[in-house]
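Next come two complexes, and both contain chain A; in the first it sits with chain B, in the second with chain C.
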Partner chain A sequence: MGVKLLLEKAHVEGIRYFDTYRREGGYRSVEKALKTMSPEAIVEEVKKSGLRGRGGAGFPAGMKWSFIAKPEGVPRHLVCNADESEPGTFKDRYLMEFIPHLLIEGLIVSSFALGSNATYIYIRGEYAWIVDILEQAITEAKNNGFLGKNILGSGFDCEIYVQRGAGAYICGEETALIESLEGKRGNPRIKPPFPAIQGVWQRPTVVNNVETLAAVVPIINMGGEEYAKIGVGKSTGTKLISACGNINKPGVYEIDMTISVEEFIYSDEYCGGIANGKKLKACIPGGSSVPILPANLLLKTAKGETRYMNYESLSDGGFATGSMMGSGGFIVFDEDQCIVKNTYTLARFYRHESCGQCSPCREGTGWMEKLLYRLDKGEGKLSDIDLLWDIQRKIEGNTICPLGDAAAWPVAAAIRHFRDEFEWHVTNAKEAQERNYGLAHYADPIHVPVAG
Partner chain B sequence: MSDTPLFKVTIDNITVEVPAGTTILNAARKIGGDVAPPAMCYYSKLQGSGGKCRTCLVEVSKGSEKDPRPMPKLVASCRTTVMDGMEVKNITSPKVLDARAGVVEFLLLNHPLDCPICDQAGECHLQDLSYEHGAEGTRYEFQRRTFKKHDLGPYIQLHMTRCILCYRCVFTADQLTQKREHGVLDRGDHAEIATHIEKSLENDFIGNVIDVCPVGALTDKTFRFKNRVWFLKPMDAHRDCPNCCGKVTLWNRGDEVFRVTARKDEWGEVENTEDGKTAWICNTCRFEKKKTSDWVIEGPRLISRQSVISQGHYAGKIGTTKPHETFSAVHAGRSPKLLMDIHSVSEVNKPEVHLSLIEGPAHSTDFNTKKD
Partner chain C sequence: MVKFNETQQAEFNRLVARYPEGKQKSALLPVLHLAQDSFGGWLSNETMDYVAELLNITPIEVYEVATFYSMYNLKPVGKYMFEVCQTGPCMLRGSDDIVAYIKEKLGIKPGETTADGLFTLKTVECLGACGYAPMMQLGKHYREHLTKDKVDSIIDECRKNAAANN
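Entry: the complex of A and B
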């Protein structure tokens, strides 16, 4: 049984309400932080904890906090990124829905550390009912003196506002989120300047994921060094994984990043194995935009070592034989799933969600979708596969924001690892519509020359 | 400006000194010639423009004197400021040329390529760009996207299919006019420039969106299908206008004024007037004053000899500028290696004889007898 820091109390009855949450030891970190610690000390604790951003990129949170500019007389802001739109990721929703006060508590402490008197939760529009839950939690916290003017007599004022998005994936990108929060079209900004210098309304801003901010609570409660002892290497603390796909027990699991991928998929404590006794074919370990991995490379790295559920191990081997932790959306495919169709589905998603600001992403995502549609329907050509590779290569790294990369990576990885399946869709077009390509080809590592 | 430090930046082996805060693109434009990256969305006169089209991507092989690490990705030169000692590769980097070819392909993917019927042909940045960096054919085998037509009023014609979403017109309307009535609707590859619920664009300065549009998406309705730009003679002219600076370029054929535009510099941007303001012109000057008698003609406009507009219009060197040659500087003093110099084997096409001075079809005797 792994350590649980975030979801330990998530199933206590009535934990959604302030009284129960407080009785279970909630808001201790606010008392500790505001009464005994200075803002700099909190940032230092978070730095010591080695907490990495849980939104996808895995950037150290303490470092991000220390970058924030502190010009005289300019207000600073903390923005909580609850625009969780990555297909396969639903951990923030779970956390906010079941234990909203944990997020509020984390937000108060973080706001104090960063000196933000107006803190925003930017939540995706589809999470309509969670807005009510959060607003109720904020009201309760305010009524009990944990928000508003002069919190706990420390002289620190803080208000939290919940802002709904309108359902655009791109608004999860931090600068697009800021634009949207300002009431503009959600186009990502060109960086630099980074939000830490010029964010919301040109003021210094920190944008953090829900889970990152919630993790501040145990860090303050137990101390940064203690927190850093959980986990392994640079992957400290616990991580919420939202597992879905062809597994027996889909859901949100809190892991301490020391378990192996194999254990995570097959143990009864977590996913409980592949559903219907089928075999594992592939897995996207960190949300739709990270590279897909075939079963053999998922359980063992290219060097033959066991792959663990943490930032380093999942990205071992780079993109050639590895993937990324991403936002923790663990999507499992059994032997019946078609990778071409899956890649097409993802390409369609990115085409729909591209903001249309920069040309490679705007035009490239649409082109890839059309090619993949053709391949999936069995009307493709062999040259389409090389063309897809060339398109993704020209999108990746040449766009304003990471959405271009996110659109390119799944296509690249699918072709890299499952090229024979794409070819099979061309050469055996009729059969491809009726049955899936054999699993046997992925039992052993196949040597894949990196094209291009 | 005297207190801003000067930074040395090397672009394609040519070093130039620019004040701190200059972007790589503007530093490269200071050198000029092929070294300046193409820019489809950046417009130095519009705040916040740039960074979107990705044609100006360059490789930074050395970050600065203090931090010599190269930048990991190609950067948009229009939005990246120079550092002291920075080394930039533009046309000398195969990575950049490859990425640029990719961007050109992406830009042309849904472009209708209707240049033969497009009023912008001849002065279109996308034409220039694809001529220099594009491939001979497209690999796109699908239907190009189309849009529902929007009417933008009596003066401005919108061809959304030609649009490359550079956002220049949006910035223009934001920064020049009192109220912006058009913007970008939808997202991704179905994003379009439109007014929300069919409005016409009515503002004294809205005509300038025609000048900033790099392609033929926004064209002048009063000039529509009237003439090709290369049959017209651009003339600098001015009038006493109560609304704007009144300094324009008239596009004449004979005595007839076909269209009026703002004066554009070699980068296709509206020039500054003597007092440093950008010479935007008002709608009255642009659309209403179509008689020579309305204007005081100053003289022929300088046009690059490379431009199709310069063809056969002016005798001698009047009104044309020579292209700025950077080849030998970029290649460490080496001149282009010619397999054969045409002038050593042929008596025609001598560079010192200007073609426009020859009356009628050129003949070898023209080159033997006439000297410029």
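Entry: the complex of A and C
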């Protein structure tokens, strides 16, 4: 069993409620932080911990905190990003649903560190029942003196509010989230200015993912240096992985980033192997926007080394032969799955979620969806594959926010690694409607056979 | 005429009080949820104009938001809306079959409502239940690990609830 810092107590009976959570050692980090530490010291501990943003980008959290501007007389805000919407990702939901006080505890300490007296949790609108769970937890924390005025006699005031979104993936992008929090369409802002300087209501703002803020609790309790000893290299601490697709045990797992991908998929402690005795075909290891990898490149890097479940190892080989840790949305495909069909559903997703501000993304995602639909239905042409490649190249890097990249990468990786399967959908169109391509042989992962 | 009753007005006040003075527009998304729940499950122009008036913003500021987010219904929907996820992870676990089954069983296509006004079928993009796929959202909650049998029992449950409430 690996180390568990976040979910260790998630299944204690009644942990959703304050009394049990407190009895199990909850809110100790608030006592330690507010009574014995300065805000600067907390930021320092988070820096030492090496904690990287758990939403997908993996940016060092302590560094992000240190950027916040502190102009005289201007309130600052902490905003918790609970807009979890990346296909394959359902870890934050799990944490909020089962152990909500862990998030509230992390939010109080983080709010103190950043000087936020009004902190907002922006949660995706579909998680409607979790809003009630969080509001209940907030009320309990407040009734017990951990929120409100002069918390634990420290002089620090803090309120936490839950804001419900209304169905828009783009609001997981921090500036779109801020726009949405202001009651507007979720159109990402041009940066700079960064939120740390001008965020919500033009005030300095830090936006962090649910899991990132929850991780502040063990960091304060054990100290940043101890936290950094868990894991490997720059992948410190633990990471929540939400595993789904064709596996025996889908669910949310907390790992310490030292285990191999193979162990994660096949061990009974985690995914329990591929369902129905099938073979592993491919996997998207970090949420739908990161590159899909065929089984051979998933389990071993191009150099033939074992691939591990951490930031560095998953991205080993760059996009040519590697992928990314991303949000930890681990999607597994068995031998019966169709890569063309899957890529089509993801292209449809990104077209649906594009905010429409930037032409490459607004138009490009629609074209990609149409081409993939055609290929999936057996009505495609071989030149469509090159056209898809060309379109995704023209989206990537040419948009205000990373949604464009997120839409381009899955298409690029599918063509890069499964070009033969795309071609088969054209050359054997009728057969492709009746059966799936199966494992066959993978496209040569090193050589990228595309035009232009 | 649309108008919040006392309970709804109290909830409105609670929502608006969360934001700094003069930033009441920030309450727009939660207030639109409240309005949709209060006035028949969708947002008519009249409802949106009412929200604009309450928040002291222009109607266009409400329209542009209501049309951006997928959870706001801009036309009437059935009493029970089946929002079935069809994105990759659900597709891998057979969501296409679930959609086909509901279509056949209710005789409606995605986006349509049954003649009795009870059911609307809608296909949606990832709802964050990938490990419990296939799934649908029904009202405030998720229905997960769907099978044809489960769909049958959900439909029966809705019909019974509707009959009991009439």
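Heads up, the rule we're going with is that the second predicted complex is superposed on the first by the 439 of 452 C-alpha atoms of A that agree within 3 Å, B and C clash if a C-alpha of one lies under 4 Å from a C-alpha of the other, contacts with A are read in each partner's own complex, and residues count from 1 in each chain.
By our rule, contacts are C-beta pairs under 8 Å (C-beta built on N, C-alpha and C of every residue); 3 or more make two chains touch, one makes a residue touch a chain.
Please read these numbers as outputs of a predicted model, since none were measured by experiment.
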Chain B versus chain C as contact partner of A:353, first or second or both or neither: both
Which of chain B and chain C A:125 touches, first, second, both or neither: second
Touched partner set for A:400, first chain B, second chain C, both or neither: first
First, second, both or neither for A:166, with chain B first and chain C second: second
Most chain A residues touched (candidates chain B, chain C): C
Touching partner for A:185 - first (chain B), second (chain C), both, neither: both
Touching partner for A:329 - first (chain B), second (chain C), both, neither: second
Partner chain in contact with A:286 - chain B first, chain C second, else both or neither: neither
On chain A, positions contacted by chain B and by chain C: 168, 185, 352-353, 355
Touching residues (chain side chain A, partner chain B) in the complex: 168, 170, 185, 190, 351-360, 362-367, 370, 387, 393-395, 397-400
Touching residues on chain C, where the partner in the complex is chain A: 18, 20, 23, 25-30, 32-33, 55, 57, 61, 64-65, 68-72, 86-89, 91-93, 124-133, 137, 140-141
Chain B residues within the chain A interface of the complex: 50-55, 57, 73-74, 76, 79, 98-99, 102-103, 105-107, 109-110, 139-140, 142, 145, 164-165, 167, 183-184, 186-191
Chain A to chain C touching residues, read off their complex: 75, 84-90, 93, 118, 120, 124-129, 161, 163-169, 180-186, 201, 242-246, 250-252, 284, 288, 329, 331, 333, 337, 341-342, 345-346, 348-349, 352-353, 355
